[in-house]
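Both complexes below contain chain A, partnered by chain B and then by chain C.
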Partner chain A sequence: MSEKVVKKGNEAICEAAIRAGCRFFSGYPITPQTTATEYLSWRMPEAGGVFVQAESEVSAINMVAGSAMAGTRAMTATSGPGLSLMTETLSVMAGTRLPAVIVNIQRAGAGIGAITGNQSDFYMVTKTLGHGGLTGLVYGPESIQESIDIMYESWDLAEKYRTPVIIMTDGVMGQMMEQVEMPDYKEAPDLSDQPYVAGKRKDGRKKHLIMDSPYFGPMPTQNDNLEYNYAEYEKVYESWEENEVRYEEYMMEDAEYLIVAWGTSARVAKTAIRHLREQGIKVGLFRPITLVPFPKKQLQAIDKNKIKGILTVEMSVPSQFHNEVVHYIDKDIKVEKYRRGGGNMVLDEEIEECVKKML
Partner chain B sequence: MENTYLLAGFGGQGVQTLGQLLTYAATDAEKYATYLPAYGGEMRGGTSNCTVKISDEPIGSPAARSYNYVVVMNLPSYNAFKGKVKEGGTLFVNSDLITDAQADEGVKLVEVPLMEMAKEAGSPVVTNVVMFGLLCAYAGDIDLDVAKGTMLQKMAHKEKFIPVNTKAFELGVAKGQEAK
Partner chain C sequence: MECIYTKSKALSAVPTSFCPGCMHGTAIKLIAEVSEELGIENDLVVVAPIGCAVFMGAFVEFDSFGSPHGRPGATGTGFKRSNPDVPLILYQGDGDCASIGLAETMHAANRGENFTVVMINNQVYGMTGGQAAPTTLPGQKTTTSPAGRAIEGTGYPIRLAELIAELKAPKYVTRQSLHTPKNVLAAKKAIKKALEIQINEGGYSFVELMSACPTNWKIDPKDAPKYMEDVVLKEFPVGDLKG
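Let's turn to the complex of A and B:
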């Protein structure tokens, strides 16, 4: 039986991880992620797993990679500056195709920036994981409930495609509280036969490789194997475009104007849409849920004969998501932007004003 | 129907707990509710605030530019937030710390001697429970029996705290009904 509770975003997503079978967490406290680490410091041992507070994010992500190589469902959580420190190993994980889950509870800006919520790591996470041009599945939930639901199936997807999964929440979603429904506990599968898992095989024979690597393959040289394997990875990424794209269409049926937004910005936009609809303005929302794969075809399909204008909403200055959206929208549709940066929230009143300016 | 609350005071006055109580109680009363704390590099004695929304429908934005109900429990909060009340809304001030309070035109002012009332209930630390009872009675978002049940479940882990919290809640309710 699922249960309804009022929970803080950071705690809820961590509880969902426990229920999804995660039994290893290593992380380093950083605002606004700290309550996630705090929660798992007692909850993970209680669930029979291992919690390690690392000395830095570099060691945290390396422990997560090691734990994944031991066949454990492993995760970490961090915020922008910590994610920057993790990028080298994220690149390794994408390269060796290690399944693990990384939660990025975004804060504002570059460097130390500001500690309140923002969506300014969009490019950093969606373009490539660290150096090398490889990627993983990236999700941008809009609510605590959706972050729970995505977390609950994230290892199933990570293991299916052998990929890191990144869940992008933010300081707003992490710190706020609302009612959610928690899923039942599920067992993690036995991963010992997976090529990336070190140790004994199920039949008792010793494995010769302690890790899988793109250096190995059918080609005569290391370079050729890298090229060959990365081309194979590319086929996996392309399959995501067909099979894993997720998005929401909210009040779009009769819409004449459209807001395009993800995550917290999208939920704020929904309030603005309800108010605008009360005033007779036909506006809807297109919301990407997967940031990788990005819903390109759906954006390309937006009909210029139906939609008079589009407003993108994001919490990032300079714009990131906006530029990505514009790339796919029919050039005959006018696309405006409304964004707030520096850790300031987008507000539904300001979205309303921006939409009215487009009429 | 969606009501927005801004609760502000100095760290230690319990405004975050007050916001969480409203959220728990509204949920227990089968409503939708969100709680959003303001956080940052703060100092002891500095200001603390949070936003609560209570609605009959799922809530989009957990934040607002202006509010139906603004509670200010100290002077810096009054100065920062007195202008954030929607027209037709109410500004609640802790009159023990804020004297000569004034509200904008179209905004109702309710002066509450919060610390005096908390002392009357039996403890100076229950100002937030007084305010909780007051807001429930005044705004009418949450059934009072449900609210009391939630408060006792969350606030009275030890039996000795039950009478003082109950008294604080009831004093708040009486004041809220009187001010309506």
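Let's turn to the complex of A and C:
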């Protein structure tokens, strides 16, 4: 039975992971992620799973990879600097096509930056996972409930496509509390026959030689097989564009102006939109939920005869999401940006001002 | 006719690709034979990370997985904690285990992870063409220490087995060598003991195996064992350090 509870974002997304069948967590303390690691330090063993506090984020993600190769639903959670350390293994996991879930509870800026919420890891996770140009599914929920719902589904998707899944929350969502509905417990599938799983060999099964680079295939040389297999991976990524794109259209039906935003920024924008609507201004929101695959077609389809102007809202300076959105918008539609960086929140009243300037 | 010796079933039909005089092949053969003697040839899983150790997966019939350079201590931890009944060997080189992966190696040992590390110590980075490793001997010439390893600036060879033996959790820590038949037999006994501990009582074991890399040492393979006896083993004495 699902249940209603009041929970902090970091704890809620971890609880959803447990209910989704996750039985391995490894993490390293980093603000604003620490409450996730603290929660799972007792909750994971209680649920019969394994919790390991790793010596570094490098180790944490490799423990997750090892657990995934044992056929377990495994995850880690971190924030920007930790995610930077994990990138080599994210590349390895994308190459091995290893299902696992990584939660990035974003903080601000480069280097140490600031410990408050931000959306400045957008490029880092959406362009490629580490070196090599491979990718994974990336989600940007706007609320604690949505992060629970995405987390609950994430291994099903990770296993279906054999890919790492990255869920991008932020310090705001991680620290705040909301009433949420927690889903029922789900049984993890038996993955022991999967080619990326070692051990527990049933009689007669041939050995699994698990490598991060697909050297084997129909081609005569290693390089040719790498090229061939990566092209096969690309077909999987392209299938996501058809089948896995998620987005929300909020008050868009009669809208003359649009805000395009994701995650926490989108949620703040909804407040601004409600205020603007009260003042008779017809404004709506287009919100990408999947950052990979990005809702390109939907953005391309925005009609210049209907929409007079677009405002992007994001918590990142320099702009990242804005540049991505502009790329797909009809060139006849004017696109403005409003962003806050350095760990500052976007504010609904400032969004309202920006929209009014466009009228 | 009675069969008194044959190739282990745990070795694949593929001939190894190691250089003349390299002792990786011997180490892999010993692991294969021990797995059969313990009846775990269908159960054992090996981690074959970056370096010449990576080739192991192709030459054995065990399930195996790779690891980013230096990270077997972590991938092995994640795997074994989720699969506690599966015997596991981390087959690593000295660069992997004692340089880039030192943190993962030491922390896995310190946690007392229930797996066996077999570290091949040949004092160089073999796969990349013989660069200096943390285990390179003082004065030893490599492609990145062309005048010989200088103590000032690069320090002394790291004796990893001794470092690990200082920790409380590890059950069995030993250094053996592969340069004479007598040493090979002792090395085999050590691998067997390590796996028996892992399977029967549980606990961390570390087996360092001294090995030759004649190609990168620029030594004739037939002279390598004598060089190991006269020079290398003076810096890296063989024997049990713990357990």
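Quick note on the criterion: the second predicted complex is superposed on the first by the 347 of 359 C-alpha atoms of A that agree within 3 Å, B and C clash if a C-alpha of one lies under 4 Å from a C-alpha of the other, contacts with A are read in each partner's own complex, and residues count from 1 in each chain.
We adopt the following convention: a residue touches a chain if its C-beta (ideal position, glycine included) is under 8 Å from a C-beta of that chain, and two chains touch if they have at least 3 such contacts.
Just so we're clear, the structure is a prediction, and the values are computed from it rather than from any experiment.
> Answer with first, second, both or neither: which of chain B and chain C does A:350 touch in the superposed model?
After superposing on A, A:350 lies in contact with chain B but is clear of chain C.
> Who does A:74 touch here: chain B (first), chain C (second), both, or neither?
Only chain C; A:74 stays clear of chain B.
> One more residue to check, A:65. First (chain B), second (chain C), both or neither?
So A:65 only meets chain C here.
> After superposition on the shared chain, which partner residues are touched by A:160: those of chain B (first), chain C (second), both, or neither?
neither
> Tell me which of chain B and chain C touches more residues of chain A.
Looking at chain A, the partner in contact with more of its residues is C.
> What residues of chain A sit close enough to touch chain B in their complex?
The contact residues of chain A facing chain B are 6, 31-32, 115-116, 171-172, 175-179, 267-274, 345, 347-350.
> Contact residues on chain A for chain C in the complex?
Chain A residues touching chain C: 23-24, 26, 50, 52, 54-56, 58-60, 62-72, 74, 88-89, 92, 96, 198-201, 203, 207-212.
> Which part of chain B faces chain A closely enough to touch in the complex?
It is residues 20, 23-24, 27, 32-37, 39-41, 59-65 of chain B that touch chain A.
> Residues of chain C touching chain A in their complex?
Checking each residue of chain C against chain A gives 42-43, 45, 57-58, 60-68, 71, 73-83, 86, 103-104, 107.
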